[in-house]
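Dropping a structure here in structure tokens format, bear with me for questions.
Residue numbering begins at 1 within each chain, and the chains themselves are lettered A, B, C and D in the order written.
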Amino acid sequence: MTLPTITRRAALAGMAGSMALPAIHSASAQGAPIKVGVLHSLTGTMAISETALRDTVLMMVEKQNAAGGIMGRRLEAVVVDPASNWPLFAEKARELLAVHKVDVTFGCWTSVSRKSVLPVFEELNGLLFYPVQYEGEEESRNIFYTGAAPNQQAIPAVEYLMGADGGEAKRIVLLGTDYVYPRTTNRILRGFLNSKGITDADIMEEYTPFGHSDWQGIVTRVKAFAAQGKKTAIVSTINGDANVPFYRELGNQGIKAEDIPCVAFSVGEEELAGIDTKPLVGHLAAWNYFMSVDAPANREFISDWHTFIRNPRRVTNDPMEATLVGFKMWAQAVAQARSTGVDAVRTAMIGQKVAAPCGFTLEMLPNHHLTKPVMIGEIQENGQFNIVWRTPAPVPAENWSRYIPENANRRR
Amino acid sequence: MIARLLAVLLFCALAASARAQTSFEELVPRLGGGFGPAAEAAQALGTQGDPRALPILRALSEGRLLRNAEGRVILDGRDAATGEAIAAEGATRINLNNRLRVVLRGAIGRLALSSPNAAERRAAADAVFRTRSAENVPLLEDALSREAIPEIRALMELALGASRLLVDDVTVQRAGIIVLSGAGTAEARSLLLEARAAKPELAVDIDAGIATIDRRLAIRRGFETAFQGISLGSVLLLAALGLAITFGVMGVINMAHGEMVMIGAYTTFMVQEALRHTAWAAWSLPLSVPAAFLVTAAVGVVLERFLIRHLYGRPLETLLLTFGIGMMLQQGVRLIFGAQNREVLSPAWMQGTLMLPGGLPVTQNRLWIILFGLAVLALTMAAIRFTRFGLEMRAVVQNRRIAATMGIRTGWVDAMTFAFGSGLAGLAGVALSQIDNVSPNLGTGYIIDSFMVVVFGGVGSLVGTLVGALTLGIVNKLLEPYAGAVLAKVAVLVGIMLFIQRRPKGLFALKGRAAE
Amino acid sequence: MSGRALYVDGVSVVFDGFRALNNLSFIIEPGELRAVIGPNGAGKTTMMDVITGKTKPTAGIVKFGDTDLTRLDEPRIAMLGIGRKFQKPTVFDALTVFENLELALKAVRGPIACWKWRLAAEQRDRIEAVLREIGLSERGQDLAGLLSHGQRQWLEIGMLLMQEPELLLVDEPVAGMTDQETEHTAALLARIAGQRSVVVVEHDLEFVRALGCKVTVMCEGTVLSEGSIDHVQNDPRVIEVYLGR
Amino acid sequence: MRRLIILAITLLLALLPALNLAGLGVSDFVITVVGKWLCYAILALSIDLAWGYAGILSLGHGAFFALGGYAMGMHLMRLIGPRGVYGHPVLPDFMVFLGYQELPWFWWGFQSFPFAMLMALLIPGALAFLVGYLAFRSRITGVYLSILTQALTYALMLAFFRNDMGLGGNNGFTDFKELLGIALNTPLARALLFWSSLAALGGCLWLGTSIARSKLGRVLVGVRDAEARLRFLGYDTLQHKLFVFVLSAMMAGIAGALYVPQVGIINPSEFSPGNSLEAVVWVAFGGRGTLLGAVLGAFTVNGLKTWLTSVAPDLWLFVLGAVFVAVTLLLPRGLIGLLEKRR
């Protein structure tokens, strides 16, 4: 940036202004709170997943205020309900930015909701923290992605299935809900599997609609596919609601983890809370955080959560942890930049480190994604996960997958 | 990490070569030494056949085996290897992974083959079948010679057949092929295919065996499709029955029907929670049936008396009214119970698969739901046909004014009819709690299907509802393998739409002047 | 007016095994006034349904002049010049009396034509003439829903007049009317009948007698007897049907 | 009097984008939200034309709206051209990363604006013609027709959710760049779209009023109240019903086409039966059978929704549900009825 036309006096005035800044901030401690937008569906189909994230943000805001806010300024949450309606997400995003003038927004779960608000955040230069694992293939300067990219979840999980501990699977069933995350993830996985010598004949790929509840036929077909003389495993990208009937059917048709293990990318503690997990013991999930992680940061997180929500039976899960990590990084970045201005915070965000509940110190990369450890957990009878494998160190996110050839032509 | 993996692999290799010499006392502590060594140790313990190993391995598979800081393995307060008493304080549970589970299943199976308990032997035979190896052959032959129960004998023979495939002797392998071909299951087919890849010289025998199995499997697949279709149909039937009353009989377009189903499911959850720590816990699901009926019927009465009553004869207005009610009910439940799914347990008798004669598998929960659906239908028909209330209901439907002049309290009958329909929706909720999410959105997914069933079957005809539901279920399942789940559903919807064009009154239309 | 005759020959209608009409045959000459009587369920309404195209006969021939009516639907038959008055008066309650008549006026029928159509002065005069004829001149701008039962019957007859049909089918025009209204209605019908064929289905034998025309007695979907009112009243079969029940 | 009020409100609305462009206190948010409501008002109007006049209650009108939106969406996707993330000259991003090699045939022609607009009219119109012809010919009326149209939009939703359709699956179309050479994220584009929507609403209102006042309007009322009578008067009511149903579907298509560039996304959830039902509620709320009532209903309910989802995110469904219940029970003629009673 060049400043050719700025006069000497103006530059001096600017300097004086910047010197006066701390005074202004302390003066505004009572007057102007920092506004934190919360853009999660509280009604409609996504409420099941997103309400917990709203509560997480509120918890973090409360905690930060108890610790004196940021730079002496109080935080104020602005909660709106986009009602699981994608155009409404865009409207509400604009409302948060243009009417409420929030300094940062935590929000969205589905890719489509993020795609819907993305142009709004770019146009109005807002700041969005997106806390859910997704298909990658995106990198907006106005969004920080604190969930996993495919290389931080899908590929290590499949590698595990193909290894000795996972049962040396030679045939893979890719089951998913028909939307972009499973489609892209499975395309990446297919490329990965092919590179490992598993041919298309040994891959079954099937998609179901959202909220699919009758899994009888598909589970039967999986059994038939598995009866071809090779060790078979299921990779599930089945979304939220459809998982309960799917796992019930798996249990009832007697598919045991010993015979056909199933690794899921969208099933966490919250989803398991609605299922009787006894028949599912041994099935797997790949995440970057489990509630069962034994780390001081996690113990603090869980105890904060139980205090905040006033229910010791509520669970924590991966997107909640990603929300927490995003929030902490943002708070650090604001403190470091000594400003809530989007451009200043964005610059300060890169390289922020947080000792996360997953037991590792995570770092924000220049591609707006995090380094994350990958963990594989086995479902236990109590609805928790027993971590059977984890990467020794956090893995940097590859949001542009190397298994999608078109990424070579990507515009940068 | 890689270094650790290498170390583990190296250790495994060493352990394998030293297996014959390793003593029981040395092997047991290794069970707590990480997944890899534990798997090796369990394998060795199973092969050695030391009966002391059985309770230890079982404890491990059930997650009861502990390990203390010194690496000693503890079972029920004693050192598992030496038997000396030891404090369990500070000891941690030994975790399992799938690899270990597979090995344990085989090892326990081998050890339990000679158990005096028939159930254990049966489980053992099945386990050995799934983890076959050539070394099992003498073990199984021995067990077979002592086995008297035919069912277990059959299982053991199957396991023997599977293990024989791995013996390096063509005649033995042929015997194995014959046994497996006779079994006619997908698992047997899988084993044969595996053997075919390993032993090309046996291809002819194996192909013949697979052909036999495929014929059996084709029959089985047909049966499975039919069963799954009927099962889907019974779910649709349950979901639609309440609507067949409120819409079919009363002409009320109840868009809150799905929410009634949802309330029924939540009632099931409430009953379960209320009984959780009582002696009645096992009976919570059967007890939910009357509870759900009463709760939803009560909600129905309230809605009918206070709101819907004012809009009779204006079906489109009731549609809007009930849409609003549905929104409120859904959000109410969301605020009270939270947006998250609620866990409704399945009783043991509703889990797993039942094998019918001929190897035809039937999932138990689906079977119960089919029976439940039919029972509810039968009771509904009986209630309408044989009870005083049913008579009055039919009278009011046919001619409200004359019924009123004959002393029937038509307002009361309306309320009771709506309550009855709502109660039926509640029953559907009980059934759905066993196969679907118990969440505030539960009902939304069923409302359109329910309307389609009622319209397709013929409004006002319960038999039509039954036939409609079963037809839709079966057609859906027949199309699914070819078109996929989504297109099958779309095709069924389009099919119904076209059907309604041809027969606007549905399959079982009311006939004559009454239908006008 | 030289009209066409209506031939009904061997018509049967079967609803799910129930014979609503059974080999029904009769002829209505141009300009004839005919009364049809018969007990409930004799098939009178079904007969009208068949003629106006609402119900397709299972067997038999229905001809209006040379035109085969069984191939046509209601609007086409109506445009041929066959009008029908329902048992229960059906007028358009949400429209004014004037608009009711305007809709019946012999004019364009298609949607786009209707959109563009404007009422011409002579058409307005004609509607007002009919309004006077049915005695509703004062009520032209009132909603039809506000009329009394009798007035609604007249309005419906008025709509038929606007249609200028050659053949008019009238189903129980005086049911539920006061004596005065009945008289007025009989006079109206008589005036119409002068110019066109009219078939009146009626229960009220006094009214039928007042019409003074040929009478057809229907029973169980077929013609039981035909002739003058005195003839049919003395027909033993008719007596059995009416009194033996 | 009434005319004056309407004129004043229209002028006031037309002024909003001008104030926004001039930076005089009208925020972008207001423009996009009101612009969206204008499209909803057209949808409500189209439903009212079929329901309020001809008694054809379609619970699948959202499908026509969405189809119009998809036609516009396809055009906007084609206009992105090589500006997508993958820089493919023709294929939209979602096709590239799902591995499409070439554009599916049904995408041809959508690069042309007139063609896309024609399709936004013709596709909903053709579907309405097909469905209407089959249904009306079989004399499917009232509740049955409602359920049938609801199933139609549900089936379309399921179909459009499939990624194999080649229409973006669940994500649908987003990240539009420009329309007719104007970048969409500029105040100018927003103002132009707003004015277009206002003009379209005015046009549809004029069209609807002209129909309602003509003999066709009276025929449609006749269809609603006593269809059999009309048929015996020689009206082939199939034609009239089809005409109004197709016209109404086309209006909904226009509404959808204007809606998509303003909200920046079109996805299959627009087909969800709940959306169509909600639109019917707007009409009932405002007052069915009066075109202005439909417009008023769309504005009021959506205004309420926008306000409540911010003010009472947990409770707004309750409030809205209660409002629906109250209106159906207490105000059978809707808001318009209430206003007229007042006077």
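Here, a contact is a pair of C-beta atoms (placed from the backbone, for glycine too) under 8 Å apart; a residue touches a chain by one contact, two chains touch by 3 or more.
As the structure is a computational prediction, the values presented were derived from the model and not from experiment.
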{"item": "Neighbouring chains shared between chain A and chain B, ordered by label", "value": "D"}
{"item": "Best-connected chain pair, where connection means C-beta pairs in contact", "value": "A-B"}
{"item": "Remotest chain, chain A as reference, centres from CA atoms", "value": "C"}
{"item": "Gap in Å, rounded to a whole number, between the CA centres of chain D and chain A", "value": "34"}
{"item": "Computed distance of Cα centres, chain D from chain C, in Å", "value": "44"}
{"item": "Rounded Å distance, chain A centre to chain C centre (Cα mean)", "value": "74"}
{"item": "Chain D residues counted as touching two or more neighbouring chains", "value": "158, 161-162, 314, 317"}
{"item": "Shared interface positions of chain B, touching two or more other chains", "value": "331, 444, 486, 489"}
{"item": "In chain C, residues with contacts to at least two other chains", "value": "none"}
{"item": "Chain D residues within the chain B interface of the complex", "value": "57, 131, 134-135, 137-140, 142-144, 146-148, 150-152, 154-155, 158-159, 161-162, 273-274, 277, 280-281, 284, 314-315, 317-318, 320-325, 328-329, 332"}
{"item": "Complex interface listing, chain B residues touching chain D", "value": "251, 253, 255, 307, 310-311, 315-317, 319-321, 323-328, 330-332, 335, 444, 448, 451-452, 455, 486-487, 489-490, 493-494, 496-498, 500-502, 504"}
{"item": "Touching residues on chain C, where the partner in the complex is chain D", "value": "52, 54, 73-76, 78-79, 83-84, 86, 90-95, 99, 102-104, 108-112, 114-117, 159, 163"}
{"item": "Chain D contact footprint on chain A (complex, rising order)", "value": "42-43, 79-83, 85-88, 90-92, 94-95, 98-99, 110-112, 115-116, 118-120, 122-124, 137-138, 178-180, 183-184, 187, 207, 209-210, 404, 406-407, 409-411"}
{"item": "List of chain D residues in touch with chain A within their complex", "value": "27-29, 32-33, 36, 83-88, 93-94, 96-99, 158, 161-163, 169-172, 174-176, 184-185, 259, 263-265, 267, 269-270, 306, 309-310, 313-314, 316-317"}
